[in-house]
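Look for chain A in each of the two complexes below; its partner is chain B in the first and chain C in the second.
Up next, the complex of A and B:
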């Protein structure tokens, strides 16, 4: 680093120190403490009984946990397709010049991700409400009154219904990331493509998409990470119910520790959630890297 | 050189500020508890007291308001006892007290929720109050069974601060009259046939239910309905975890089957698993439901939110009997949910002062004032009180309870927390038909087995 303008190494380290220390104490240390607590039978009081790997053994047989895991995966898939897919569509539209008032659209689409998850949860609970909700009122208006039902009470659809607000909330987030990626594409490449006859949809899929690949991978990683730890929206809308139909791992871990007072078991669960999330993210990146290489890019 | 030093200093200052801001909360607390620990002089005694009656709480909960008024009165009458009071909101209270218990640094006097008391007793954190109670001379006036959650080995470890009745039927007598019932039916078959008539009249719910938060059905209906089928001995055995009674026993399974039948018959509003307890009460207050089954807190809610028409027509009743049930038909679920406890490490003057304070706050005077000033029921049975200045709903409530109702334990105050959570979650599924009664009973029993013996 012979660059005279770049700061010296020890200066860099000093500036990074506060953030690094904070991160260590707030994120890394609790993970080790949780791993430790996972080996005990502990109900939150002063008595902790060492039981080795029994908590982990119980976890592997815990039907509710794996149901929650399955729900998280489903949620991730729907979010990835919905959030990133729709964000890509909007980003394409906004940067193609077909749409006027770009700044206005950008702001409005981005606005929901600034809202607190609890607020979004409550708004959508109201939309789904049986007596006064928008959906049922709309159905009654168009004459389909027989389709009216208490939406969030249906165990078959509760997970999908609870995912929709999540998708709605974060489209703007990914759209902004993709828009900035779009602006980094060289104009001349797109012009040449148009001269060759690739317009609209063809241009988006065959030209722009491959160029945005890296950004899309980043978006996917963020989406998976966010979907693995979703909690607030679901807590507010259904609390995991009815029964366990919309339960997700973070909710179940919270319930286990703070409602059922099984903190040892809950700690073990948190560690397993971390391990599973890292596995999924790592796995998806590995898959995409293989996909990259196959395409020969 | 100077620039490097300046940069180093600014970096450390930044880190220092971060840590100071993180630690400032702790420092403030430390000074609190340090101040109270030293008050051992013969003249003045200082007691640290933790409760969850925050200012916000006191504005809407009369139990809390009266407690604080009497506490200030106590301090005036006992100038040698100084109370260092810390109020924490109910949501955070559990975490705070449990953390202090884990750290061995509990305050001198503190509130405890009924369901935590046994684990505090096991840890040796709380002192027995049996002697103080016996000395008070009014031990027999306390409502039957109220000390069950805090009793261990024949000793009592907490004094009740309030009294909850969770299963009360609030019904709109005008609406029931219109389908031919002068009073709320005392047979379930009549309730179910009335439901059909109500539907015909366009009233969407016969009984309003809001089970989104999972606890309402279990706490306000099943705790009492279950008792109708199983009898109270079964419940006490489950609570004691002595293995004699199981959730897979006939009585409880029948209670689950009956609950499922009620839900299937359209007795409740269609969105019962999607709305909260309060929203269900609102349905009733708007006249859109013929009745609502809820706890004593609905007395104030209905007083505050119902239209005059609904309020005047509101009467109270007990849950109807079931055929062939073992339980007392004049019973309903009730008990004290919260207690006040004494730190087991107190001795001498501090111990005397703490016990004086505890007994004064939970004695006859508190219950008398509670009924006379606010129309609520307290832990001590004070006999007839003049309630004529209160609304008809309040009067009905006081008369019903004082008129000889037997109390059975409220499930979620005394059973193991995991068992209750499995039960609550499973009940949502049971009611909408996703799980069968026998299977749910087995799941709950599994949780009970895992919880082990007490």
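Up next, the complex of A and C:
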């Protein structure tokens, strides 16, 4: 290092070390801890019994785990379509000049993003509530009293119903990302398109959509990563129930470890969740990149 | 809109007007759905239990602060708020400090192991930390650092660091090296240059990062749920869920607690919404 502004080696080390050690301890070591504990039958106490790959064998046959995994995927798909789709629609409308008070809408729609999952979950539990909920009150109002039900207790709908608040909360997030991409589109391109007769949705689909492709991909990867780690919203609203109908992987791992005290099994599950999440996040990125290249040629 | 416009154009403009109205209406409906819950939390929290059960969305007939007095005297709300405040106040400066120093070093100097270290911190953004809940609990338990005042800051600082490192790293690229070279020629040591010259230049990116991390720390739930269980250390979001179990019938009281818990975030957001939105966008796109 002949760089004159570079610090001496020990100074460099001194600056890097605290952060490096803390990060290693909290983010990297747990992966090895989980890998190790995953080989044991262990309830969290002093007794640990080595059982080899038996936890993993059980995991592959664990219907609830795969149901939770399926729920993660479903939730990802609903979120991707709902959040990014609606965000794209709103961003297009706001940039089209048709909508008044653009700054107001932007500020307000982003607001739910700063709320904690607990509050969002509570607000929506109130909307779904059997006695006081807005949905049931509305149904009674329009004379459809027979359709009134405890919404979150219906296993057929619970997953969709816990996903809706997530969609609602994060539309603003993707909307502001897309809006900032919109503002960087060259005005003259849009004006040319208008002169050529492209208006409304045609302009959106044929002109802006391709121009925003990269930003949409960023949104999509963010949305996938976000949906794979969903935990608190569902913990607050249904706890994964009724039954396991709205369970997701992180929630099932939590219940296994802290409610049923199967720490060894929970650790093995952590490793599998890590692997599956990385596979899906990495896979989707790779797929998008390939798609991108193909389009480019 | 001239009255003498030809029929076709008139129809077109009528259609456009209708479209405009529909589009505006749609946006207003959604915006209201984002704003209304906050307003509702507020006015319902001033209501009493009986009136609330009759009509949960009606304005209170005799608004009062009883629910607020009740949650502070009957629950640990005050303790939860202080805990969340402390966790955030301890974590935030450390996240920014570590992120700034490491981000700067990674950006400027190609020391041995530079690329490996870069990838190592990138890992922290890529891996889903929520998969680490259980092993982290096991590890903290073995090290006897569960249920301490510093437990959650330790986790938050480590989780928050990587994104700040990369935000700072890319920002420092835009600062000309001549800055440091001139300072070095003038006899400024490495540390002094780092903190009194580079740090002020990095202010915008640190504000951005600080905003993102504030909301992350303030709202964090999963790790607060498992790493800390002592009554005196419970944080606001976790406390809310205890509250929910304890007073499941006292909706107005719960709404008072909810409103209080999001109030700091709302005030901060309304005061700095432009910077916050910009910060979140930069953080997202860079990350």
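Assume the second predicted complex is superposed on the first by the 270 of 297 C-alpha atoms of A that agree within 3 Å, B and C clash if a C-alpha of one lies under 4 Å from a C-alpha of the other, contacts with A are read in each partner's own complex, and residues count from 1 in each chain.
FYI, a residue touches a chain if its C-beta (ideal position, glycine included) is under 8 Å from a C-beta of that chain, and two chains touch if they have at least 3 such contacts.
Fair warning: this is a prediction, and the values are worked out from it, not measured in the lab.
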item: Which of chain B and chain C A:65 touches, first, second, both or neither; value: neither
item: Which of chain B and chain C A:255 touches, first, second, both or neither; value: first
item: Partner chain(s) touched by A:173 [first = chain B, second = chain C, both, neither]; value: second
item: Chain A residues touched by each partner, larger count belonging to chain B or chain C; value: C
item: First, second, both or neither for A:182, with chain B first and chain C second; value: neither
item: Contacts of A:93 with chain B and chain C, given as first, second, both or neither; value: second
item: Touching partner for A:39 - first (chain B), second (chain C), both, neither; value: neither
item: Partner chain in contact with A:150 - chain B first, chain C second, else both or neither; value: first
item: Chain A positions touched by chain B in one structure and by chain C in the second; value: 11, 15, 18, 22, 44, 131, 258
item: Residues of chain B that touch chain A when the two form their complex; value: 4, 7-8, 11, 14-15, 18, 94-95, 98-99, 101-104, 119-120, 122-123, 212-214, 269-275, 417-418, 421, 425-426, 428-429, 432, 434-435
item: Residues of chain A that touch chain B when the two form their complex; value: 10-11, 14-15, 17-18, 21-22, 43-47, 128-131, 149-153, 155, 238-245, 255, 258-262
item: Chain C to chain A touching residues, read off their complex; value: 19-20, 23-24, 26-27, 30-31, 33-35, 37-38, 41, 52-53, 56-57, 98-99, 101-102, 105, 108-109, 111, 117, 120-121, 123-124, 126-139, 154-155, 157-159, 161-162, 177, 180-181, 183-184, 190-191, 193, 215, 218-219, 221-222, 225-226, 236-237, 240-241, 244, 251, 254, 258, 261-262, 265-266, 268-269, 273, 276-278, 280-281, 284-285, 287
item: Chain A to chain C touching residues, read off their complex; value: 1, 3-8, 11-12, 15-16, 18-20, 22-23, 25-31, 33-34, 37, 44, 90, 93-94, 98-100, 104-119, 122-123, 126, 131-132, 134, 137, 168, 171-173, 176-177, 180, 200, 215, 218, 222, 225, 228-229, 231-232, 235-236, 250, 253-254, 257-258, 263, 266-267, 269-271, 273-274, 277-278, 281
